[in-house]
Amino acid sequence: MNIAVLLKQVPDTTAKITISGGKVDENSVSKWSMSPYDEYALESGLQMKEATGGNLIAITCGPERSKKMLTDAAAVGADTLIHISDDGVKDSTHVQRLLAAAIKKYEAQIILCGKQAADTNGGSTGPGVAEILDAACVTLVSEVSHIGDTFVTMRPSATGTEKVSLSGISVFAFDKGNTELRRPNVRGIMMAKKKVIESISAGDLGISLGDSSIIIDSQNPPPEKPAGQKFEGAEHVPTVVSKLRNEANVI
Amino acid sequence: MSFTIIAETNGDALHPTTYQLIGAASSVGSNSIVLCPNGNGASEAANINGVEKVISVVGDCFDIFDGGAWSNALNSVCEGKILISASPNGREIAARIAAKRGIPVVQDIVSITEGIKVERPIYSGKAVETVTISGDAVITLRPNAFEAAEKGGDATISTVNQSADIKISIQEAINKASERLDVTEADIIISGGRGMGAIENFSQLEDIADIVGAAVGASRAVVDEWGMPHRMQVGQTGKTVTPSLYIAVGISGAIQHLAGMRSSKYIVAINKDPDAPIFGVADYGIVATWEEAIPALKSALSEL
Amino acid sequence: MRIMAYEALDFYDVDSLLSEEERMVRDMVRDWVDEEVIPNIENACREGVFPDEWRVSLGEMGVLGAPLEGYGCPGLSYTAYGVICRELERGDSGLRSFASVQGSLAMYPIWDFGSEEQKNHYLPKMASGEWIGCFGLTEPDYGSNPGDMITKAEDKGDHYLLNGAKMWITNGTIAEIAVVWAKLDGVIRGFIVEKNDPGFSAPEMKGKHSLKASVTSELVFQDCKIPKDRILPGVKGLKGPFSCLNNARFGISWGALGSAQACFNSAKDYAMSRIQFSHPIASYQLIQNKLAWMLREITKGQLLAYHLAQKKDSGDWIPEHISLAKMNNVDIALEIARVARDIHGANGILDEYPIMRHMANLESVKTYEGTHDIHNLILGRHITGIQAFTRDL
């Protein structure tokens, strides 16, 4: 079975983000990593490959530097590494079309990805790719198994969790789970070094991207938090709670 | 031009976020055409200011949530700019409708102005992106970031029947008492220190944690002296946490504790000592005993 | 999942010179130290134990005997070996000592001087971490002067008989095998002793204030009988043990930097948070002077270690090159730990902060694998051609 795992390279979530000239300064990013939710998708894919056999295809759409992330995926067991150049990509639907085309080209039967990328925080890739492939999608999963020709997964429900099954080409978008993420080892690293990364462009996939009707005007630091406010007495608790909702937007 | 709004519902009633979607549309001079999946909330929606018309989209594909089926069914009645609540289901439907229509999707916006220009947080809130949307698009709105529309008006309600294939089947519903999150995973943490008096009093913090889905943390003093489990310890030798909200109750704010939580997005401190160092890092400080403040906090949060 | 991943001071971007493989090895060990070592080290230190899980993880990661090729060994570059040592010692010098002894002092001599049978028998299980090794050179009365050691081996026809004692042996009590250097007819030879050999015992040395998360032992040989096939055939004289020490010292020149970087990070974070006289102490000149000095020494040390690694990997090196780097980097690391403790004030004496653990550890690191003063004399002899280790009085 061909298992496609969609990966994105993002600034490490502990790295400081510097903004200059109205844009996040990528050159100042000290460390690039695999987006955290994608790591869970990759781990699940590797477990599925170990349980049922198959070929794990790691796919990313991004700049040159994202190839390193594919080598890291190979070090833990990814078999095929596909890098799609992000030249001409202007919005998430472009990314989805490229990924979907690659998935079709490499004939993946199951697609795993993180629920959202740690930089753009959109969460559109999984469901969007599913739509283009006319596939089912289940989001916020933490585990997927393949039994016969059915996929079984757990997702949150209003009252707890529910076990869901589906068949045919399907997309699963992962949340963090209790699964331990495997570490690479030296043997894996040395074999990964030799693995060829297939680098393709939109043209190679027969996709012409065109324009987008959205334009990112600028990226700015978040608004300055107001200075700390201190209140005397518990009678102010409701005020603080409403500020937490309306001012801080954290509950 | 009207915006298409896909209603977020809670059983038969509209979720408060639906009012916020309609309010957001109005704020940029647009009326709303509200689509109600399975007809839920249709009559309520017809009586909201700014609603031009309501369309009940009914079909058995709405029995369970299958993002593909729902977006298929709703898509036929969507047009122009489409607003959806940025709930997990909403985000999924949004991405699918956008992909189906070949239009962009902009997720989790926190402001909207004419143009239309929207703002959304990126890098887990470390930056804010401003985006201009000139053509059709699907936009999801962060809950509670927009003013709700008021009740009023009397819009027409029409019904369309849409069926779509469901590809998912529910095998088993597991209603488990939600496990309380670990401090390292939670987006909201309520922590107690020596000021809580005794370990038994932590049950009050647990009650609050249950209301907002928070984790419960502890200072080192409480772990060492009262035997709180070490995995709850926040600080230099405990966990370093970065939640959106950290509520420190009866914690003085010694440097070792601050080391573990000072990168929290927002910090609330509750302490009876007005000079406690924790107030130096708190965004919102309440000088009060926990006995007075915690019950008040519990009831204020329950009412939200 | 990593919450606050460690970021090491790298002012001149020396790590950007690492190969892709070396970078991936670095990240693998760094993440493991973040997840498994940092949360548990203070406890291990308090209890004076080396957690067995760490041995297992090091074996699983495949970092033991890093630069050795073949026989199930990793076959990495010396640069990678240095990086591994640095990442381990950022966690604790005792942890890095385990790996140094296993790889450079126990596996290496078998790899370089052993017979094919010995290599095939011992190396794969040592690389996997299944068998722990140790290195028996130092004796109670023979430290800086190993050449005059008195542990002796006698050829008894169908076996060797060992008598004597070794001291300050890392891993001794938990090791399956010991590579022991003893005089056979007055010539120093290497012997592989296994823990169940009759007449051999390895009691633990207790009461250490340093390297507490590491096992330090005596090796006692009382008519210890070992089979003939346990002698290392490929080397005679001090060349044997000194070859091992060169490799270990190389690893330490990188390792000490890890300790220094950990102390620097802690001192900087503390200085930025600690408020006194209404300002963070990082805003005071004396503190900034100390932090800038640390940055200077760490950067110099990194360049020293990196260039040495290139020379080691290309084969273009002499032992004195290694003496310089070991001595310099350990010396500055210990000073950095002391100054870092100073910056932490009273808090620095608590095991809430790693400072005094690193500081106490580095006292051992400065002493073992050639004391600071001995390396000084090694360089002095190289410069002048005149040995100044001893003279007739």
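For this structure, a couple of remarks:
Letters are used for the chains, namely A, B and C, taken in the order the chains are written, and counting of residues starts over at 1 for each.
In the analysis below, contacts are C-beta pairs under 8 Å (C-beta built on N, C-alpha and C of every residue); 3 or more make two chains touch, one makes a residue touch a chain.
Note that the coordinates shown come from a computational prediction; the quantities given were computed from them, not determined experimentally.
Centrality by Cα centroid goes to chain A. Between A-B and A-C, more C-beta contact pairs join the chains of A-B. Ranking every chain by how far its Cα centroid lies from the centroid of chain C, the top place goes to B. In this assembly, the C-alpha centroid of chain B lies 51 Å from the C-alpha centroid of chain C. If you average the Cα atoms of chain A and of chain B, the two centres end up 21 Å apart. For the pair chain A and chain C, the distance between mean C-alpha positions equals 40 Å.
The multi-chain contact residues of chain A, meaning those touching 2 or more other chains, are 176. Annotation for chain C: residues touching 2 or more other chains are 1, 3-4. Among the residues of chain B, those in touch with two or more other chains are 280.
Within the complex formed with chain A, the residues of chain C that make contact are 1-5, 7, 20-21, 24-25, 27-28, 31-32, 60-63, 66, 74-76. Contact residues of chain B toward chain C in the complex are 184, 220, 236-237, 239-242, 255-256, 258-259, 262, 277, 280. Against chain B, in their complex, chain A makes its touches with residues 11, 13, 17, 19, 24, 91-93, 96, 118-132, 134-140, 152, 156-157, 159-166, 168, 170, 176, 212-223, 225-226, 228-238, 240-246, 248-251.
Against chain B, in their complex, chain C makes its touches with residues 1, 3-4, 42, 269-270, 273-275, 347, 351-353.
Every residue of chain B that touches chain A in the complex is listed here, in rising order: 66-68, 71, 88, 91-96, 98-100, 102-108, 110, 117, 120-137, 142, 144-145, 167-176, 178, 185, 188, 212, 244-245, 265-266, 268, 274, 279-289, 292-293, 296-297, 300-301, 304.
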